[in-house]
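Same chain, two partners: chain A is paired with chain B first, then with chain C.
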Partner chain A sequence: MASTPRHPKNPALYTNRAMARLKLGHWESVITDCQTCLGLAPQNMKAHYYLAQAQLSIGDFDSALTNALAAHKICATTNDKSLGAITNIVLRCKKDRWDDKEKKRLRQERELEEEMLAMLVRDRDDMLAAESDETERKIIEEEANEKMQTLSKVFENARTQSLKRREVPDWAIDDISFAIMVDPVVTKTGKSYERATIMEHLRRHPSDPLTREPLSIAELRPNLSLRQACSDFLEENGWAVDW
Partner chain B sequence: MATGMRTKRVAKERQKIDKFGLPPGIELVEGNDLKEWLFDIRVLDNNPLYNDNVYRLKFVFSDSYPIEPPEVTFVDKPARPVPMHPHIYSNGIICLDLLGNQGWSPVQSAESICMSIQSMLTSNSKNERPPGDEEFVRVNRQRPRDIEFLYHDNTV
Partner chain C sequence: MSNSRDRRIIKELQDLTEDKDNSGIHAAPVQESSLTTLKGWFLGPGNTPYEGGKYVIKIVLDNQYPFKPPRMQFETKIWHPNVSSQTGAICLDILKTNWSPVQTIKTALLSIRMLLENPNPSDPQDAEVANMLLTEPDSFVVMAHEWAVRHAGAPRQPNLDTTRFRSLARLPVENEDERRYLGYNRQLVDRFTSMGFEIDRVTETLLYFGIDRNNGRDYHLTEGQVGDITARLLGEQ
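Moving on, here comes the complex of A and B:
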């Protein structure tokens, strides 16, 4: 399979093979093909798109997101019909990256908890070893138990706190797909929608969804501050992708 | 690329209904699958045409929902008749611009459609079917949203 195409300068040969290899799950060779293609044609949307999927599969989340966003940018400027699929990949990258961070964070917290409990036990045992009076020994044990219980409670509370209040604010939601927005664009009415979904609507009906007044794709404007706000929200709340 | 949007969108509409409820006179009877829902609706004022009656609406969400409208019809059952209205055929097909490809907007929802149909009944005083009802019911084999209705009558 490590063959070089007969026309090694044609970028399409590499993306075509990358797509086939993507279906077979040969991630590493998809990555090589896409990188070769991008060396020949840096603005190749498909190469960025397949590369993002392969990198996502091997857990290289940062690179996957970078390539998904590159594909998205090309799609948005060329009015490409894959924008919906690309938007989903961007969201998937953000979600998986967050999941991964969250897993690490939880593991660290659990390790910290165990370490601190072990310290309390050691402290108690040291004190018990130095004390022979029965009443004093009992007090030492009770105090140690109380501390350990408090410690566990504090950690438990922190864990449940992060699961609570899982609600996406309305401003971050696209009123067509009801999903959190990646690239909001604003219409003449001042209302913002996800670029991919409003484009899908406008391709069939060039009208504003709220007022039904004529609206063309060229009249849409990016809503940069909302885009940043949604991106910041997702950074901290990756679960929102599947909400 | 509209496929995939439907599942999430319908699931979220369902969550909203569970959380905030529905307006008076509208009730979700079956909404567990993400393709087909049933609502019961009643007319709330004392319109003598619809007093005490409950009507059943069937929603079918295609994969292109909400870019395309859902298919909404009245179900004809013994305890759930098709309401008498000059824009509702006796086989349950509803002539409402909101449900056609031209009048539809993706920011509408199952709930907002129910409300529109409810108010369409509330404001009606004519005890009649659309002109040509018998013929239409006999020959029509088209899906409701493909029918080219002429939305000429804005009085009811």
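Moving on, here comes the complex of A and C:
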């Protein structure tokens, strides 16, 4: 496995092998190859791209997103045709990272709920042990039951609330791919599109999709505040990647 | 992970289903497993010979959709100048060069439905149908309605408005040239213009000799008349 290529300074050898290993699912060796390659050529798009996929597969979400964004940045500046696939990987990283956080959050909340219920039970039992009057004992039990019910309801509400507010605002959606935007760019008409999809369109027809007036790739401008807004929205609503 | 094309098509189908009562536009995959071939349908719009007929459109979305237009054709036979009466092929700019990826299956089907209200005989798909609309607009409406009843199950309209497309018919030819003949028959005048004289000079000369217009019909002038006219045109009189 750990064989060293005969021309150890050629970055392409490492990315080629990384791609083969990616297909085999050998994540750790993909990561080693890509890191070697990036040591030789820090701006190697494929190395960032394969690295992101391998890291995503082993659950290293933050590193995966960093590398996916690095690959995206290189693609955007070099007008590379892989931009669409890389945009999808960026979204996938954000989604998986959010899923992971969400899973942890739900588990923590559930543990907290159980812990608090156990405290209420313990409290009740202590009080019951110290009380011999039947009427008083009944009151203690009723009060304890009520508290436990309220507690469960509060946690249940919190869980359903987070499922309810699942609507994607129109401003975050690209009108060509119908997906959330990662890198919105604005045209002369003031409308924003995902960079990857508008570029794919302009390669075929150098025209504005709305007005059909001539439009070239060079005339696109990044929409920085919209990019930040989409990024913030996804941070809180990772589910929206698959809305 | 579904690719961008599939994801967009699924979204479009969701929207179409949610909005179908409002838009009147329907579409669904022919087979559950494939998003390549769909079928769409709508009812023929009101106040047209197609009113109430169910028109089914076959839709093919290739791998390059939405960057390339959907391929659409009528499955239901229709008598319309922009649709082939044989194959159902549609002549509509947005399905060809004017397609834009922000358009959708729904907007394309809406455009086709609009085409039924506003036929465009100057850019025909079916020359025979277009010619009928241009020369006999009333017969065109009768025929279009007949086909709608027969092929699309449209309810028969007892009081069919056959005058609806008259404004699209080609107006009787009355152009600049025609007026220059001053009511004389074109062939009659052209027998002199073919000798190399201007139309205006010929008609002026005919008037000078008081030659009968014969209600614009051709007739033989006497040799004497022809001689006089030619001589005057040649400047001999």
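Descriptive notes on the structure:
Criterion: the second predicted complex is superposed on the first by the 243 of 243 C-alpha atoms of A that agree within 3 Å, B and C clash if a C-alpha of one lies under 4 Å from a C-alpha of the other, contacts with A are read in each partner's own complex, and residues count from 1 in each chain.
To be clear about the criterion, a contact is a pair of C-beta atoms (placed from the backbone, for glycine too) under 8 Å apart; a residue touches a chain by one contact, two chains touch by 3 or more.
Please read all numbers here as calculations on a predicted model, not as lab measurements.
Look at chain A after the overlay: chain B and chain C clash there. In the superposed pair of complexes, A:L40 makes contact with neither chain B nor chain C. Looking at the shared chain after the overlay, A:F178 reaches both chain B and chain C.
Of the two partner chains, chain C is the only one that A:R92 touches; chain B does not reach it. Judged by the touch definition given at the top, the superposed model places A:L117 against neither chain B nor chain C. After overlaying the two complexes on the shared chain, residue contacts for A:E200 are found with chain B and with chain C alike. When the shared chain is aligned, chain B comes close enough to touch A:K81, but chain C does not. Counting contacts as defined above, chain A residues 84, 88, 175-179, 197, 200-201, 204-205, 207, 209-210, 212 meet chain B in one complex and chain C in the other.
Those residues of chain A lying in contact with chain C across their complex are 84, 88, 92, 175-179, 197, 200-201, 204-205, 207, 209-210, 212.
Only residues 1-2, 4-5, 8-9, 12-13, 66-68, 101-102, 104-107 of chain B touch chain A when the two sit together in their complex.
Per the touch definition, chain A reaches chain B in the complex via residues 81-85, 88, 175-179, 196-197, 200-201, 204-205, 207, 209-210, 212.
Touching chain A in their complex are the following residues of chain C: 1, 3-4, 7-8, 11-12, 66-68, 98, 100-102.
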